[in-house]
Amino acid sequence: METILEVNNVVKQFGGFTALSGVSLNVLQGERLGLIGPNGSGKTTLINCISGAYTNYQGSIRFDGQEITPLQAHQRTKRGIARSFQIPRPFSSMTVMENLLVPFAFVGGKDGPEQQKEAMEILQRMGLADKAFVQSNQLSQVELRKMELARAMAAKPKLLISDEAMAGLAGAEVDEVLQILFDLNKLGITIIMIEHIMQAVMKFSQRVVCLDAGKIICEGTPETIVKNPDVQRAYLGD
Amino acid sequence: MKYATYCLLIVLGFLGLSVMSSINEYVFFAGFVILQFVILATAWNILGGYAGYVNFGVPAFIAMGAYTAVVLFKSISAPLVVQIIGGGILAGALGLGVGLLTLKLRGIFFSIATVAVVFILETVVNNWRYVGGATGMQLTRPPDLWFFESYTRMLFFVMAVLAVLSVSIARYVQDSFLGRGLRAVRDSEEAAECSGVPTLKIKLIACTISGALMGVAGSPMPMYLSYIEPASTFNLSYSIYALGMPIIGGTSHWIGPVIGALLLATLQQIVTVTVSNELNVLIVGVLLVLFVVIAPEGILGLVKKWKQSSK
Amino acid sequence: MFSVDLIFEAVLFGILLGCFYAAVSLGLSVAFGLLDVPYVAHPALLILGSYFTFMLAKTGIDPIVCGVLLMPVFYLIGIGFYRFYYETFEKRSTETGVRGLAFFFGMAFIIEVCLILFFGVDQRTVAASYIGSSLEIGEYRFPYRMLVAFGIAVVLTVVLTIYFSKTFNGRAIKAVGQDEGALRLMGANPVKIKQLAFGIATAINALAGAMLIIVGPVEPSMDRIYIGRTFCVVVLAGLGSMSGTLVAGLVLGIAESVVMMAFGASWAPAVSFGLLLLMLGVRPQGLFGR
């Protein structure tokens, strides 16, 4: 399998604080990668660097064989990187359907009846079809999370970064979202999942990377990671 | 009926109005101001309502249009149409400039920057004798009236055409991909960026169009007054009107600013003449605060709610 | 071109002026710099403070004392304002940007127009023993009223800096803008803290308003030029920096004074706004900001 994402020695500082100190990571096409680490370890910062929310970091990030560091976030989205947000950010004045039409219009270039049909298909896959014409600020938490993923899918990504899509959800809801991510991966989309819910990460990931204090401290299969003493120390303390 | 047909009918209606001799001249005099506010409110809403960036510096763009017209008129005796186009272009450039400087920052910095532009431009104009400086200058209207009875009637009709054009532009922006992108930016700029919306470019486009239209509203003013001077042209009260009218009318649709402008500008004509200018500012200010607190979607929102509840 | 004497005098006057500008911007530094409230009505409240001082001073009380007496009243007004803003806008957090800005802009206009309707557009002044005469040192004259304002400004800045660094509430105010969650964990209620901060910010405006009318005549539309001066100081300082406010005030004061000397008073309004635009374009986080 080819490498779809190459993160090379990325360093990100905020004033005097170093959030990422030399992170390097390769992601294979079609892979399911889990990204874990305690709060403040730099997971969201790393995601922000990959998605382009931050463009002034040191190091290089290559996607699909090309350097993307000079590109802004919307340009990276057009190249095929999509992300969902930890705290859902719906376009609250729009219906669910209109939310999806934004990436269709700006990534795909069209937002006509064909795209509306495609959007309905995406919503059906997510179990949101009946809410298509409801205003997005009336959705429940789990529906908002699903819409986040649906909207990311409307951008037709090659790589989807799911940032704690299951945070705060209850048991059955977690399984729902997890199943959605599995189904998306079956379509060929590479998925990086950031999650705190360990069972979800273990079930989903083929490979897990653990971040702590801005550095990767461990990489391996879910079973290896769980047994790793550095990981245990990072989460539980000394 | 198609929208274009509506526009044609409205323009013809205004034309008919302008040539009816029996109508008092004052109607056209006041009508000019009301139409000017329709343009200003519509222009403001393209950036403020659609994108969520609040322009406090409306007089800077009006003045840009007005003083460009003065310079063009004084230097090359430019006809009205050229004055208007020139004013629009330069005011649009001003919008682009302010946007480039501040639209990368948070909304409030853009707003404060627009106030700054008002004062800086006013200071420049105050010290520029070619356009009359702080005391202002008189202007003689050219004799060409086309086929109208009076210059005021002609200006009234020109304003009507400009108003229809402005509203049409706002409608086009709203229904186009530009409008979709602006709404996304307003609702969540981060999510918009990640959905492929080139947020900075879109904001700049909206800011330029908005500024240009405000300049277009200002360009006929020197000919209308036969006079131009900085203090009234740069009056910050224009901002409270240009911002109050769309908010009170409703910011999500192009018809909101039109409703707000027609209502409030007509009220302004009545109150200013019968009581005082200050009282009118007070009324608009109080209405603005009331609507922002109680009915943020404006009159349009109230109508929508009333229609839903009576189903 | 200009004699060293003239420049020196302009700079000295600028220092006095600058401290005054810093003092009138302190309230905004707290409300906008620390709390992120789009408090564009701040200058209008400043002028309101001046007019209240004017009215109270008619009873014979010294204007500075009037300012101090008005502080509790303004404190309550500030708390009310914030409470209202919070309940109506911040809590619901939908499109707060436009609505919050429009609200405060509308309030500013309402205050200005009410002042015009009540007092008319004429300038108002107060009288005191220190207004009208100057201190003469060598060839230089320092108007006493400017020295008084300078003194108050220094005292205010020192008191506030100590308050924000040494007291629990003060430190909580500094923290609440950056990490509400952590504050909650420490047992402090973020809303009450922000309310307190806003009350303090508005109370400062009472005293600052008194200073304003001591330093010169006041008229209702002055809030417009002070939007430029106060926001210039706050942006120049950098959001969240109290001590930076003093430095920024000095920069503005000296700049304005020198420009006035070199080009005349008609260019003065452009200085604060021009400096503001320059900072926004070149270094938006200000000199000391986070």
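A few notes on this one:
Each chain gets a letter, A, B and C, in the order it is written, and its residues are counted from 1.
We take it that a contact is a pair of C-beta atoms (placed from the backbone, for glycine too) under 8 Å apart; a residue touches a chain by one contact, two chains touch by 3 or more.
Model, not experiment: these values are computed from the prediction.
The greatest centre-to-centre distance from chain C, using averaged C-alpha positions, is reached by A.
No other two chains have as many C-beta pairs in contact as B-C. Between chain A and chain B the centroid-to-centroid distance comes to 43 Å (mean Cα coordinates, whole Å). In this assembly, the C-alpha centroid of chain B lies 32 Å from the C-alpha centroid of chain C. Shared interface positions of chain A, i.e. residues touching 2 or more other chains, are given as 92-93.
In chain B, the positions touching at least two other chains are 186-187. In chain C, 95 are the positions where the chain touches two or more neighbouring chains simultaneously. Chain A makes touch with chain B in their complex at residues 51-53, 72-75, 77-78, 82-83, 85, 89-94, 98, 101-103, 105-107, 111, 151-152, 154-155.
If you check the complex, the residues on chain B that touch chain A are 177, 180-181, 183-184, 186-188, 190-199, 252.
Partner chain C is touched in their complex by these residues of chain B: 48-49, 52, 54, 56, 101-102, 105, 107-109, 111-113, 115-117, 119-120, 122-124, 126-127, 134, 186-187, 236-237, 239-240, 243-244, 247, 251, 278-279, 281-282, 284-286, 288-289, 292-293, 296. Put simply, chain C touches chain B in their complex at residues 32, 38, 40, 88, 95, 97-99, 101-103, 105-107, 109-110, 113-114, 116-117, 224-225, 227-228, 231, 235, 266-267, 269-270, 273-274, 276-277, 280-281, 284.
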